[in-house]
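Next up is a structure, given as structure tokens.
As written, the chains take the letters A, B, C and D, and residue 1 is the first residue of each chain.
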């Protein structure tokens, strides 16, 4: 359990380093005979690609996933599906001179200690955000399988710095909202939020700084009864996957941290019958009770810290020479990775949900 | 992966239902030859027991863990350690008449659907908070092992409803603070917070309602380099365990959700050398970078929703007859489970940390 | 992965030491709502109990499994099922004086090194054959579930020393044969074999020696398509479980080792259609091709070494004092554990098969 | 758990189909900073390549492993190591006309049912012996790590059909024997056996038939105390890996099936002290007691059935049309896969041992 994870019958093995030859993923034990629409898959992955409008890095990442096993005649074979994504445009030199200076907020130092200096640190190595391309690939595959089972998932930028989008309506979230937001350049519900967020990102860029944000993610159509108690609940599994996305520092389901300030009589979601189905009027539970789906929309939010790579000089240490120093990070970096992280969070949810359905 | 979890070399298997004969846990592959101080173990477990001052239920739970394997001559044998905790004082009748009415906020309905009605629903069955006694037992064992390795963990009530305690000082958390809070009846740092929290709990009780809160948990002495990237990071593993505690709806590490509103230059923890060790001046990372410990205190917070069992009449459904109804929950219930949940959160951290150290 | 094993969705956690308070097992994630006939369960377990005719030890083991979770109203709840079997009649004194002398063929020395001397060595501790009572309990539960799915399993003594029973007819094995042999005192097909085997065991006892043997095990009614390729095949999983039974030193499927001397044209099982079903005329494959069942009977054999506890003086070492010595094992021991191991092997198969069906 | 396996801290994920673009493997959590000699790695893998003397297929497999992650500056990085081996020379047409006829002894029919016809059946697909190149790659990596820890492993052809090589001397196996046999074209100890085996293979080829055999494998230098009881023993883990090699139908450790005919007094390996170390005079245990190494050589044998692909016409079924038919397998096939399987068995042992040492 490190870059490989077993989730019910499915397992995932993510590999690669930022500046090595390639990254990729093996997904084992997917259901057989599932059609995968490659165009849709690439669209999903494209949502993670750098934005060309200044809200993200200008690196030209080409993330074409070369599927080398487990896929035949347009369908999953049911056997281990491996996709390899070549690395290119690596500009290793950008990183050359900082190799033993710990970039604050990065895993340079912890990775160095963990691996006794043997890990490939160029560009963040295995800790790079680039690795999320593998997660997104797996999530795109799972998303298509979920749709065939009547489940639609989606995510939007809930906030960047202190600029907030309209939140999902937890009890009435619908497919239209989830689909609409996917098509937007900045995935927000409220177009005013788009403007404010661009501005705050642009300002961060100009001041050689960065901003973080919160992504809200949801699923509709998940039938009641999915999940397991104790360690195998939806919350356990979703969070285990979401924390695989670099920069995530928190996760909350339904009312989340706000529930801690509610009274029980406010927070409890009363049940009622509508069209012969059990529903709840509110959805503070985020669709999950006892780790198990209750048939209402599943809702959670993930908090992203601001991009640690900033161009300003920062105090730090040289962890090889064990002495204080100052670092100036060169290269091109996202002043805000939140927009590109939206499909990553959605991917984590897709994988978690699909893992319970096969 | 449901009530059994594999964590590196260790695995945990939690069993039992609230009104069955017993609950318990099997911990497999613990290090051999570790002395366990049973008195200290019972003290740890006693912190989870109901408080007798009105802040919690008056049920007389006796949680004596009967260790039936893996423990010999005062030491772990290295083989599967099983503890059984008998159930008593069950008062099943209290629950009799509500058995097919879904208590809002509880897993009655979701568990019923998940298990096709076959699960033992009395008193919440396997979903009951009582199951956390097993987790606390395992955490108490792991805590003693951590101490021998120079690691001290602890937790306090960060807030109940909107009443807040002083937060841990993330960069300067010390053993004294962690130890002191354990001895308090209500585990808070600030004695004024104690008073305010009691009052808000008492008011909730009187109004037949309940309140939630946030628990903050920390560890000091964790060496740099503990944890794994991607799926096996400290955050992934800790959250997987923390979400096994009923009523947890969110978790955040270090600055957590607040980090989403900081600038990179504010959130980045600058490194420096002190006494030949690499440290950071701030600790917004909560001691974790890239899933791996950086040698600073590990800090996280877990949000608990208010106790779903409230005495007020609530609208709900009869999920067997599929019709609307009203429920009045009888029996004795905590108006706030947060005080008793403190050792549960600490236990989750202990287990997670220990799983990386063997 | 030691005394806990994950098998598809099911997991098993076996605990206990021979002379500790109890042994037992937790089975997690069994299907919910499955009726368990306790009488039949005890009958299954009784087949593992010592025989009173001199073919086995005279120790009076009472193996009553106290089910303390996961079982309610005569049915599985779907949640972790735990059974505890108390130890009694332990006669620790028998073993007292040999505690640092390695009994040849036993795990005294290897366990001592593995656990740095901390393991409970009394009576073999966690390595004792007594632990198989837990496996048999789990196998008895799974066996009842298999029967409801049209699958019947069974096992017989294929040989003791050089005395052989009639082998199962691999292509025509039927329920009648499997059921008949279960009722016999010595589970053999050929009554003449019974006599010869008793004699060889009796002789071994009289000469203060012991004998081993081979158990053949089979299943009918397993539909085609059960199992997984590579690491998750039927052979991989069955053998992983069978080697959990102490004294097993080999396993073979279908023609097994004999297949290594056949020509391809002899060993290949030709397919044909009968009653609209695909069958094979021979069954050298033991019902498994590529790790996956082909619809024919599943057949395998497990080789048991002779009981290592023999009353004769044996050269050995004192592994604490690190010097040569001579051991005389006292106490009551089976001159042949094969008859009692029959339900253990059957249990391993039942667990393996059931793990693929839920 | 199918083509992915977790073994202690290591995990393995094997992917690919015989006629797809590539096969490969991800090995997660290897120790960091281990030098890998690529030349030696290729030599190891070359031992699996087809022999050019008529003892195996004439297919020109090029098995060059392209390491795309986890390897940097000649050393393991400690992160997921992925190797991709391109497929070439696929001659799919050879298999075209037999695609719905079940080749006897192959997984065509069982795979078809398991995957509802969606698996890539060309050339055996995921069930092909070609997949063992991935296993051998992983085993070669682990073998180099073992050597640095003083452990040497090796394997030889114990028998082909009824032609036997000299067996390993179980109590006195040494590095010289293990190394010498690796360099031979046919890995046998006794040069006379080489001649006899070639003849029996040649005869099989001429008669359009095939032969199987037994491979014996051993390790020296494994310290006492490696392994775990119950499900995590050396035997459990080795057999779980060995049964991942197609055509294996049996495995035995030490005296194995022969032990079933020995008396306890013959089979027990008496301990003695030599040069301050605990040893056994005989080694019927194959170096394993209670699942744990005892410091003596580890010895086991795996039985391979004869190659199921034979050129003779065979009765079979068309599993799509569900009718009887006759198959004539075209293409080039090994009349005996045993020589090429030798490094596969060795690889399985290497992986199993290394999984206990990290």
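Criterion: contacts are C-beta pairs under 8 Å (C-beta built on N, C-alpha and C of every residue); 3 or more make two chains touch, one makes a residue touch a chain.
A quick note: this is a predicted structure, and the numbers were derived from the prediction, not measured.
**Student:** Touching subunit B and subunit C alike: which chains?
**Tutor:** The shared contacts of subunit B and subunit C, listed by label, come to A, D.
**Student:** Which pair, A-B or A-D, has more C-beta contacts?
**Tutor:** Ranking A-B and A-D by C-beta contacts puts A-B first.
**Student:** Measure off the straight-line distance from the CA centroid of subunit B to the CA centroid of subunit D, and report it in whole Å.
**Tutor:** 46
**Student:** Return the distance between the CA-based centres of subunit A and subunit B, expressed in whole Å.
**Tutor:** Spacing between the chain centres: roughly 26 Å.
**Student:** Quick one: subunit A and subunit D, Cα centre-to-centre, how many Å?
**Tutor:** Chain centroid spacing, subunit A to subunit D, equals 39 Å.
**Student:** Quick check on subunit A: which residues sit in contact with 2+ other chains?
**Tutor:** Correct list: 1-4, 6, 8, 14, 29, 79, 114, 126, 228-229.
**Student:** Would you tell me which residues of subunit D are touching subunit C in their complex?
**Tutor:** By the definition above, subunit D touches subunit C via 1-8, 12, 14, 102, 104-107, 109-111, 113-114, 126-127, 131, 159, 161-162, 204, 207, 209-214, 224-233, 235-237, 239-241, 243-244, 246, 248-257, 259-273, 276, 278, 280, 284-286, 288-294, 303-310, 312, 314-317, 319, 322-324.
**Student:** Would you tell me which residues of subunit C are touching subunit B in their complex?
**Tutor:** 1-4, 6, 11, 13-17, 20-24, 26, 28-29, 32-33, 66, 68-70, 72, 75-82, 84, 114-120, 125-126
**Student:** Give every residue of subunit C touching subunit A within the complex, in rising order.
**Tutor:** Those in contact with subunit A are residues 6, 8-9, 29, 79, 228-229.
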